[in-house]
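Common to both upcoming complexes is subunit A, partnered first by subunit B, then by subunit C.
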Partner chain A sequence: MSGDASHETMRITLKVWRQSNAEADGRIETYHVSDVSPHMSFLEMLDVVNERLLGQGKDPIAFDHDCREGICGACSLMIDGRAHGPEAETTACQLHMRHYNDGDTIHVEPWRANAFPVVRDLVVDRSAFDRIIAAGGFVSTPAGSACDANSLPIAKENAELAMDAAACIGCGACVAACPNAAAMLFTSAKVAHLSLLPQGQPERDARVIAMVDAMDDEGFGNCTNHFECMAACPKGISVENIARMNREYLRASLVSRSVE
Partner chain B sequence: MATTAASTALDSKCPTGPIENRWDQHRFDLKLVNPANKRKFHVLVVGTGLAGASAASTLAELGYRVSAFCIQDSPRRAHSIAAQGGINAAKNYPNDGDSIYRLFYDTVKGGDFRARESNVYRLAQVSNNIIDQCAAQGVPFAREYGGVLSNRSFGGAQVSRTFYARGQTGQQLLLGAYSSLMRMVGQKRVTMYSRREMLDVVKVDGVARGIICRNLTTGEYERFAGDAVVLCTGGYGNVFYLSTNAKACNVTAAWRAHKQGAFFANPCYTQIHPTCIPVSGSYQSKLTLMSESLRNDGRVWVPKAKGDKRRAADIPDDERDYYLERRYPSFGNLVPRDVASRAAKERCDAGYGVGATGLSVFLDFRDAIQRDGIETIRAKYGNLFQMYEKITADDPYRVPMRIYPAVHYTMGGLWVDYNLESTLPGLFVLGEANFSDHGANRLGASALMQGLADGYFVLPYTIGGHFAGRALPAVQASDPAFDSAEATARGRTDSILAVNGSRTVDAFHRELGRLMWEHCGMARNDAGLRRAHDDIRALREEFWQDVRVPGPAASFNQNLEHAGRVADFLEFAELFSADALQRTESCGGHFREESQTDEGEAQRQDDEFSFAAAWEFQGVGEPETLHKEPLEFEYVKPSQRSYK
Partner chain C sequence: MLRWIGNALNSSVGKKIVMGLTGLLLVGFLVEHLHGNLKLYEGDGTGFNEYVEFLQGFGPLLVLAELGLVALFLCHIFLALRLTLENRQARKHRYAVRNNRGKESFGSVSMFATGALILGYLIKHLIDYRFADGFFDDPKGAVANTLSQPGNAVIYMIAAVVLGVHLSHGFRSAFQSIGASHPKLDAILDKAGIAVAVFFAVGFGSFPVYYLFFWSPSS
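Then we have the complex of A and B:
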C-alpha cells in the first residue's frame, strides 16, 4: 500500500533545460530537491522547485500545463529521454514521484522537433497541429444543419474504433519520440476517427490529402516505421491508424479529381 | 461591509406567453441582420471552451467576421476538455418518460428555484439540437449494438437522458466544436489568437467595442476593436485554490468586465462535487474529479464505528453505514451533488471519515462487480479506475475508492438577460462565465449542454438584435478609449512587478484558498463570513505590499500571469463573501447553517430570497450595490427539494 511511504521523502537531482526565448542559446541547469514526497506528481515536484527559485528572486522553470489530469495535452516534458517519462500511457502530469528512488537524477527537456520551436525553457510552439486540423480535420456541418442523431446508426465496433482514435490529446509526444519527428500518429488518428464514421464519408478523400499536405508543409519528418510514437503515446493510440491513413491516402490519390 | 440595496429594475427581456412558445416568439421578434451585412460586423470571442468555440464557429458560419482568443497554446485545450461524465438532452430515446418539459422541470427544481424559467425552458428545447449537431460533427458518442446512441442516468435524474463518450465526453464535444472552429480558421473566417489573456474591455460611448490583451509569449499589449465582445471565459472555482478546475481557470476577464459596468450575479453559488480524490499533502496543486457516473454503481459508506481503522474488506456489511441509502431511501447514492457533499462532510466532521486524514469516505464497487462481473464494470469505468489508480496507487477493482468533496463549478457569473447580454451593452457572456440557467445548483451533465446551447443556438440569434438595433459607428484601435484601457492594464501589471516583496504568488493564492474553503465552503455562517470578509481584505492589502514577482514584463512569464489572476481573485473574493453573507437562506450549493430544517436539510426562504443578486461595482474595497432581479415561477411551483 502506498500509505506506508507517506512519511518518507526523497532527494532528487534535476537537470533541466533552460532557454530564455526562441532565439537564445539553451543550457542544462542542475537543481537539488530534498523534500520530494512519493505522492507528488512530477509537476508538483517542479512546483516545489519553482517556489524555491521564486523565493530567491530567480526565474522559475517555464513548462506548459493546465488540467493536470492527463486530458488537455498541455504538459510536454521529455523526461530522461522519454516523452512524458517512464510510465506507459501516462502524461507527465499524471506521473507520480513514487516511480523514482531516493538519490535519482532526472533529466528534463522540451519536445525537440523543427516543427515545434522552443518558446521558453520546456515550453514549445505546437500550433502546427492546429494548422493540420484546420486543413481538413473536421466534418463540414454548420450549426443547425444536422439531421436527427439516431437517423445515422453506427455499428458499435466502428464507434468504438473511432473513439479509440479520437482519444488523442494533441500533446505532441508522438512527434517528440519519433527519430524523424514525424506527425503521422497525430494526423492519422484524426483521419481514422472521421473515416470510420458515416459522417466523415463525404469529405473523406479531400480530408486525407489536405491533412497530409499540411503535415508536410509544417516540416514534420517522414515515417520510417519505428513505432516509437505508439510507445510514447499517453493515450495508447495505435499505429494501425497510420496504416489506415496510408490506405486512405492511396485510395484518395487514385480516385480524387482534385489532385493534380 | 453593509451593502446598499437599490431598487433599479433589471430588465431580463424575458418574453411572456406560454412557455413553450417564448423562444420562437422571441426569435421572430428579434431584428435580423441582412446576410450581405453580416461581414461588416466584427465579433471578438474571448475563450474557446465549449461556449466560445461553438459561438465563434457558428457566428463565422453565419458570415460575421470573428476573432477568437484563448490563454492556452491551442483552443483545443480549454478546460471543457476535462469534463468526463456526459451531456443531457431531452431526446427520450430510451422511451422512459423524458420530455422537454421534464428536463425543464428537473433543472428548475435541481437549481433550487433560483433560475429563470424562460431561460431554462429554452435550454431544454435546444438540448436536442445539440446532440444532433455533435453527432453530425463525428463526435463518437457511446452506442448500443444496434447502432443507436446510448444513454445513462446521471446524478439526481430518474430518466436516462445523458449522452456520453466513454469518460471523455467533454473532450469529444470540445474537439467537435474545435474542429468546426478550425474549419473556419482554415477558411480565414475566424482569426485565432492563442496564448492571449484579455485584460480589459474597451467601452466607446458606453458600448463594449474592444478588448486589451496581453500576448503571453512576448508580454506585449495588443488592442482589438470590434462591434461586440463575447466572454466565454469559464468559471472561477480556482478562487478556492484547490478545485477540479484546470490551473489557468480564472475570474480575470469577468472581473475586469465587472469593473467596467457588467453586474456580477450570485457570486456565492458554488458547486462542491462529492466524488473527488482527497487531498494527499501540502504540495497538492489541484484536485481530481471522479465522474459522478460512478455513483450509478458505486455505494458510498463509512464505518459505523468512529475511528474504525480496519481495511474496508475487513469491515462486515452490518458494520458499514451506507449513509446516503439510509438518509435518502428513494434516491440513495444518486442524490444531487450538494446533498451528497454535505452528507460526506457531516460524517467526516462527526469523526467517521476514513483514510489517514479522516477526510474521506468510501465509494465501493464490490457489489456491482459481484452483480455484473468485472468486465462490465471495466467497460463502463475503465479509464476512471485507471486514473484513480495512477494518482493513489490503489486498485479500485480490489479496494474501495476514497473520495471527498471538492470545489467544482460556479453557478454564479456575470448577469445576463435573455439575450445573454450583460448590463454593459454589447458585452455578451456565455457558458460557465454567466449566471443564467442553473440557479443555485447545477445538475450533472448540464454545463456542457448549456455551453453548447449558448454558443450554437442562442447567441447566434440574439447577437443580431444588437447589430440590427443599435447604431455602431466605426471604431478604430487608435481611439483614445483604447489608450486609457491599455494604460490601465499595463499599470496593473507593472505595479505588481514593482511591489518586489517577499512572498510568492502561490503562497497568497493558497492562503486565499484556505480562507475560502474554511468560511465560504460547504457550510457558511454569519460569523465565518464576516471573518472571511475581513481576512480577505487584509490578505489583499498584504499582497500589494509583499508579493514578489520576478520580471521582466515583456517576456513569457507564467508567474506574472498567475499574479494578475490572484490579484483579481483577491478583489472578487470579497464580493463572494458579501453575497454569501447577504443571503441568509440556504439554497442549492449555498448552505447557511442558520437556515436548516430540524433534520439538518437546507431550508430556503422564498419570501425573502426569491431573487437573483446582481452586484454593481463601486470601486476596489468599496461595498458594491445590490440589485435584485425577482424570480417568478409560473410553471414549476417552488417546493422544498426532497430526495427522501
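Then we have the complex of A and C:
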C-alpha cells in the first residue's frame, strides 16, 4: 500500500465497460490515468478521467452516484470483480484510492443481471427494486401523529434486528455479487424489517407473498446459499434475513386465507 | 382451490424450501442406508443378509417406501434442473472479472455437477444390486463380488467422495433454505455441514476399500 505517500500521485490503468446505450454492444476500454491522488475517492478518480475525456471531446464514462457518503445506494460499480470494490462494508463512493498502488490495473464493470439492464456504460436500471418495494415494502396503516413514548412496546432485540435490516440502501450489490443474480438479500431485508415491528403486522402475510412474487416476476435468479451477497453488502445485511423471509413466506402461504 | 400450493411451490422461496426439505429427507435415507451397509461388517456379512431379509419382509410396504424414495429423488432432481437453468438465465451477460469473497466454495458451485455424478452412480448402483439377478439370494456375496473388482471399487470410492462434496454445501444450505437459521444453530451448522460430509464419504467409502484391500474370498 502506498497510503502513506500522501502527496505522491499514482498511475492507474483503468479497464472500463463502455456501452453507448441499452441496445448497443459494449466493450472494455483502457484508460491510463496519471496524477491519481491517494486521497481521492474512487468516484473522484472517475471524475478526473471524465474531465479529461470531455476536454478531448469524448463521451465521459457514465456512472451512478448521488450522496457520495455511503447512504443513498446510487453508486454501483463492480470493481475488480467485487461489488463496490475490495473494502468490506464500503460503498464505491467511500472507497479511497489509497487502497491501491502505483501501477495498478483496475477493472470496472456495471452490475450484471438480466433484471438490471445496462442503460449506459456503468449505469444500470434498478427500477426492479422499486417495483419490489411497491409490491409491499411499506405499511399502509395511517400513522397519525407521534404517539406517547412507550405506548407501543417493541422488544429491544426485535428493534435491533429491524434496524439492522433497515440499514439496506438498495444499491443492488447483493444481486451483483450473487452467482445466481438473486435478489433475496434485498427483498428479505425489507420483509424482515417490517415483519419484526408492530406497525408491520397488519400486512405481514400479504406483504411477504406479494414481494416475493414481485421479485420472481423481475427475472432475478434463485438463491442457492453461496452467501456472496452478505459479503458484498456495504451495510453488512445478514443472510439471517433470508432465512427469516423463507419462514415468513412458508408461514404466510399456510395461514393466509387466500386460496389463489 | 389449490392454486395457492402451485403458486407457493413455483416461487423462488417455495422451490428452495422444497429443495432443502427433499435434500434433508434424502440425508435421512442415507443414514438408514449406511446403517444397513454397516451390517456387512457383522459376522462376515451374515448380519447384512439378515437385514436384507428383514427389509424384504415388509413386502408391499417396502415397495411403497421405494416409490416414495423415487419421488423424493425425482423432486430433488427436477428442482435442481430448474434452478440451474433459471439461474444461468438470470445473468446472460457475465462479468469479465469476478472475485468471490463470501462462502462460495467448491461444494457450493459444483452442486449441479456433483448431483449429476451421483445420479449416474445411482443408476449403476441400482443395476449392480437392486436389479441384478440373484442379488436377493446372497446379498453379501453380491456386494463382495462387485466391490472386490478394482474398477467397481474405484467407482464406488469416487462416488463416496462426490457425495461428500455435495453434502459439504447441501446439508448446511438445506437448513438455511427451510428457514432454520439462528445464531445458536448457525454456529453448530457451520461445523456440522463439513462433519456430515466427511462422515458419509468415509462411511460409504469404507466398503470398497474393505472389499478391495482387506477381504479375501476364503475369509
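Note that in this section the second predicted complex is superposed on the first by the 246 of 260 C-alpha atoms of A that agree within 3 Å, B and C clash if a C-alpha of one lies under 4 Å from a C-alpha of the other, contacts with A are read in each partner's own complex, and residues count from 1 in each chain.
Criterion: a residue touches a chain if its C-beta (ideal position, glycine included) is under 8 Å from a C-beta of that chain, and two chains touch if they have at least 3 such contacts.
Remember, predicted model here, so these are calculated numbers, not experimental data.
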* Examine A:128 and indicate which partner it touches, taking first as subunit B and second as subunit C; both and neither are also allowed. => neither
* Asked: Of the partners subunit B and subunit C, which touch A:33 in the superposed model: first, second, both, neither?
  -> neither
* Asked: Is A:226 contacted by the first partner subunit B, the second partner subunit C, both or neither?
  -> second
* Figure out whether A:192 sits in contact with subunit B (first) or subunit C (second), or with both, or with neither. => neither
* May I ask you to decide whether A:179 touches subunit B, subunit C, both, or neither, giving the answer as first, second, both or neither? => second
* Asked: Which of the two partners, first being subunit B and second being subunit C, lies in contact with A:250: first, second, both, or neither?
  -> second
* To do: Once the structures are superposed on A, label A:145 by its partner contacts, choosing first (subunit B), second (subunit C), both or neither.
  => first
* For A:211, is the partner it touches subunit B (first), subunit C (second), both, or none of the two (neither)? -> neither
* Structure fact -> subunit A residues contacting subunit B in one complex and subunit C in the other none
* Structure fact -> Listed in rising order, the residues of subunit B that touch subunit A in the complex are 54, 57-58, 61, 72-77, 79, 81-82, 91, 93, 129, 131-138, 140-149, 165-166, 168, 171-172, 175, 178-180, 182-183, 185-186, 192, 194, 217, 246-248, 280-281, 283-286, 288, 356, 387, 390-394, 456-457, 460, 504-507, 548, 550, 555-556, 558-559
* **Contact set on subunit A toward subunit C in their complex** => 15, 17, 28, 78, 80-82, 107, 109, 112-115, 118, 177, 179-182, 184, 212-213, 215-216, 219-232, 239-240, 242-247, 249-250, 253, 256, 258-260
* Structure fact -> subunit B partner, complex, touching residues on subunit A are 1-3, 6, 20-21, 37, 39-41, 43-44, 47-48, 50-51, 54-55, 57-60, 62, 64-74, 87, 90, 94, 96, 98, 119-120, 123, 125-127, 129-130, 133-150, 152-156, 159, 162-163, 166-167, 169-170, 193-194, 197, 199-200
* In their complex, what parts of subunit C are in touch with subunit A? -> 1-4, 7-8, 11-17, 83, 86-87, 89-104, 108-109, 111, 169, 172-173, 176-183, 186
